[in-house]
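Here come two complexes built around chain A, the first alongside chain B, the second alongside chain C.
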Partner chain A sequence: MIHQGKKVIWSDYQKEIPDDHWFYARSCIRQNFFPASEKYFLKITKELLGKAICDNEHHTTCGGIAYHSDTIPQETAMTIIARQFAIMTEAGYENLVVSCITSFGNYNETIETWREFPELEAKIRENLWKACRREFKIPKYVAHASDLIYRFRNEIAEKARYNLIDRHTGQPLKIVEHIGCHYSKMFPHKGFGGAEYPCVLSGMVESWGGQIIDYPERRHCCGYGFRQYHVKANRGYSLSNTYKKFESMEPYHPDAIITNCPGCPYFLDRWQYVISEQTGKTYGQNGYGIPVLTYEELAGLVLGYDPWDLGLQIHQVAVEPLLDKIGIEYDPEAKYLGVNKEDILRPELPTNLKCH
Partner chain B sequence: MKENVVIIGGGVAGLEAARQLLSLGYMPIVVERKKSLGGHVAQWNRLFPDMTPTKDLMERLIADTAQANIFTETGIRFINRLKDGYNVMLTNGVNIYSKAVLIATGFGLFDARKKEEYGYGVYDHVITNADLEQWFNGKEDNRIPESPQSIGFVHCVGSRDVKSCNSQCSKVCCMTAVKQAIELKEKFPQAEIYCFYMDLRLFGKKYEDFYISAQKDYGIHFIRGRVSEVSERLEGRLQVKSEDTLSGKPLKVGIDLLVLMSGMVARDENSEIASMLRIQTDSDGFLKSRDNIYSIIESERPGIFFAGACTGTKTVPETVAEARAAALEIHNYLSR
Partner chain C sequence: MGKLYERLCKDYRFLEGLKTCINCGTCTAICPAAEFYRYDPRKIVDTVQRKDDAEIEALLKSDTIWYCGECMSCMTRCPRTNAPGKVIMALRALSIETGLFMESERGRQMYPLSKALVGNILKYGYCIYPDTFDLEEHPESGPVWKWFLEHKESGYARMGANYKGKGPGALRLIAEEDLAELKAIFDVTGGTRMTEQIERLSEEKAREMGMTPEEYRRYTFEHGSEGHFNND
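What follows is the complex of A and B.
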């Protein structure tokens, strides 16, 4: 591997990210799958880095899942997006930062479509006006939330309490990065590093002391794919995609996986349980799985936030081996205590995947 | 005193035209921006279909043009149109008056790094057709393993590719891939060789014979399907994903060496030359001929002629034929 070759490509795919003043568009599923990730994105950007980020309760889903599953037409999806833009405009913001990769892709697709077909934009403006009497400006900048963390990765490194070094060996932790398909595969110039060798997550990992693993199925879909998982008959295909990735990364012995999409961490995490039940195989050390983290969770860990406040107990794959390698202090007894220190009950344990 | 004819470009087209103009009694002045003559072809080792050593062709061309006035490492500073000719100022300070100017600036080679999914410049064992010819010429290349077990060729890299803004067929790559695959099989008999192609365009004399021989005599596998991505395995082998469109199945192959058939593209400098001479470039970026059937070697401006791949992708025999035709056309023009 010629690392310099990747750097040359990365230099072609850099984008301007305004320093401040963002309107935050949340994800409809991330808050269920990884409940603390968005909270900690806001905590890190607003409280730690002092940025002005508007978190507005009036915005809705972007309609992305319905759009990609062919249950709503493009015009409807665009009108939903137009409403999000209207709420952003009303709040006085021009920069949109998006939590979800699917939404990020949809916002970009909509803006690019309007650029190519202005008559469609006019029609959507009319639709929105008829539906809710709102008007909007197209955002000046659309960034994914991982773009902002990438932009501020060195500031985070300066404030970090831990780095991604195995304290037992002194070696950098080996991290697999998985980029959501709609981050840059649709519009390579909208993502840091382009479509083939994106650097948005690898940049974070390297800034925080870890080492990125480039394995053969790196670009492969996580297995979610709307028409794979959401169509029940296709779920075997979803699982086989994830299985292919784990078989490919296994020889590199990764310590963790970092992701920037709502679906990817969920499926890379949960399917490890299913694979272990079906085949008896686990991919981590000593019967554990490979912990799968969102970039906010990984940022939160290096910054020293409590793993259970970051919601890591919600993961299927146990994160304790990773915490031990980094040297993060945690209270095992507090893992299943909720915000009010009430017991949130323990999950049933898998047959083969070690989880405690 | 012999009449000057300025020839811009010292590749096969420029040298062959100079040779012909010398025999017609003119003084060709060849302006070549590089240190050596011969252009892209001079970098090649052998030429199909007769496996002619390129060195022989180049030596002959250079010997036959010894009487011409040749400036290497020289560019064109500007060209002014006069009443009945052109004033050509070279970067070395020489000023030439010529009633006719022949443009023989050739083509550019597609930069394979732009097809990022193939990993040229990123993975250790990905090379181009041009790199391979250099290796055939004796240049060391540590990207080529000592004893590869499997070798892949990817056709149409940057040609017939709208995403790369090059819709034109590069014409010579299919045959070059067949030639190079045979040559590598001769060097590495144990290696399995795969050619990934969209469709094979083997139009020239003996080309089809080469293709049949590659399959029958050398056991080279031809797979109709585009490569979707290349990645590197832990042990350093490449993993190539493609589709075999004839069997309708996806394909994943472990490869020790991957050769990308970089296509011929219009030179970046074409627009500069065109604006200097007030001629046009075509929609594909190559220089625009007066028409593409009867007057391909003529521009729309009197006294400006073309030869070779500056107007589009050409084989070496086509280039040689055009150079001769251009020399004759210049002679006719100057004899009026």
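What follows is the complex of A and C.
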């Protein structure tokens, strides 16, 4: 086939990704705030799609948050990454799939920098040997976990119990996608669709029946900023960036937001709560916020998993308006139960943000 | 060419982040930090490429280099394939190495950051961990998170996590041998040296200010003067 014009540019950004045999690296933020998302990533890929994904106990953080908060040298970060590669190599895997976008950026940065400066790779190999007596192969392929869900979006659609259609109006739900900056802003060729037209999330939404809405600040950072959030005195930066995005998307009345970075959904969710406390303003309908979901959560919903098994009750913004639009059945009484239906009380209610 | 500039040239992020800057200002236009802070990545890159050590030293002492959020939006857009965010990372590393980070309020925030993040990595194997997530320090986490952390054993089990458990899974207990490897990596690669440098200078400063290290940590974590933001 002869590609012409835009199609040529587009084809540069269509990655061919292996369809099986992955070593999974967990995320600092996702396992704390969205632990069920990691569980459902594995459930969907392993159990539903039958893929071999290795969930290994000996890997650790990649050090990405510490690195981007300037608390560890580049050599330390790279040697931690080299150790992850070594554990993957020892487990017999060649493809790495990572839960975190900061990690995804760091793995890519490391591999690209080594390509440019082979003496640095040699030094890191030496460091790793000295510190851990380990050796490694560079992964053949590094993917973000959302890449895999994107890759299998049509298979998921075939198995879906629900689609992203408002059952009251019959119209596709209006979804905002927010892609983590380090997914493709650093290395556009590493992301589906590059930095200009990243389609990793929009592709999922469209395959599952929803409609992506475009808005002026679509590509603006969520405002995490690492040290701009992890130091309390700096958080105005983080909040201001999220506020800018919400003000920009508000006129388009999104039904939900989908994200691929583990940090972004936390900030887009919690800053809505803070904005509502500080100004009284809420961005959803009737005093609710706009539900912010991870891609695993959205995939889980269309596949018909229970919203509380997916962990949607530990968001601050209530998801019920979205569940009602899709027509998902749920038990309101079960929302805040602990393990084995244990009564673990309920959270207090925010002042302004409606929660149930 | 001065000494500080030479030291910057040893940092791979600097080598990758600065080829030649044509001062177009594209990075500043896209930069979320420039929008809210008194910050202009174009100016920083231009200052550095003049190779004037006195000017670089002034940057290393300033609040300015600490405003960047390391989002790397600038890296996508620069027509000369520079990455001002990476130049910033190299400047920050040099500011810590030379001790000049202690001269600015934003630089002194290295102490709470290092305590929290390096502390978590070496103790739990991850940058963030529920046991050290202080609700008072995170009012934004909302009532839902207060409730969840107050019932975290049951809550994380409900979520399918393996909180503090053996074997694989989210929030699992990282084995002592694995933590020891992380510590050895820190020792071999300069991570420990950086952590100790931050700790030593910060604790000296705390003594000078008549504070305990914990009081100083809290102070640098919470206190921000006016004048950082464009609208201050």
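One rule holds for everything that comes next: the second predicted complex is superposed on the first by the 344 of 356 C-alpha atoms of A that agree within 3 Å, B and C clash if a C-alpha of one lies under 4 Å from a C-alpha of the other, contacts with A are read in each partner's own complex, and residues count from 1 in each chain.
In the analysis below, contacts are C-beta pairs under 8 Å (C-beta built on N, C-alpha and C of every residue); 3 or more make two chains touch, one makes a residue touch a chain.
None of the values given here were measured: they were computed from a predicted structure.
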*Could you say whether A:Pro321 touches chain B, chain C, both of them, or neither, answering first, second, both or neither?*
neither
*Should A:Phe117 be classified as contacting the first partner (chain B), the second (chain C), both, or neither?*
second
*In the superposed arrangement, does A:Arg235 touch chain B (first), chain C (second), both or neither?*
second
_Touch test for A:Asp214: chain B only (first), chain C only (second), both, or neither?_
first
*Does chain C touch more residues of chain A than chain B does, or is it the other way round?*
C
*Check whether A:Pro265 is in contact with chain B, with chain C, with both or with neither, and answer first, second, both or neither.*
neither
*May I ask you to decide whether A:Lys39 touches chain B, chain C, both, or neither, giving the answer as first, second, both or neither?*
second
*asked:* I'd like to know which partner A:Ala195 touches here: chain B for first, chain C for second, both or neither.
replied: both
*Overlapping contact positions on chain A, where the chain C interface meets the chain B interface*: 195, 219
*asked:* Considering only the defined contacts, which chain C positions touch chain A in the complex?
replied: 11-13, 15-16, 32-33, 35-37, 66, 68-73, 75-76, 83, 89, 92-93, 96, 106, 109-110, 112-114, 116-118, 121, 125-130, 133, 137, 139-148, 151, 154-161, 166-172, 174-175, 178, 181-182, 184-191, 194-195, 198, 220-224, 229
_Please output the residues of chain A touching chain C within their complex, sorted ascending._
26, 28-32, 35-36, 38-39, 55-58, 60-61, 63-66, 68-76, 78-80, 83, 105, 113, 116-117, 120, 127-128, 130-132, 181-182, 184-186, 188, 195, 219-221, 223-228, 230-237, 239-241, 244, 270-271, 273-274, 309, 311, 313-316, 336-339, 342, 344-350
*Contact residues on chain A for chain B in the complex?*
1-2, 5-6, 8-9, 194-197, 214-219, 251-252
*Taking the complex as given, what residues does chain B use to touch chain A?*
113, 116-117, 119, 121-124, 229, 231-234, 239
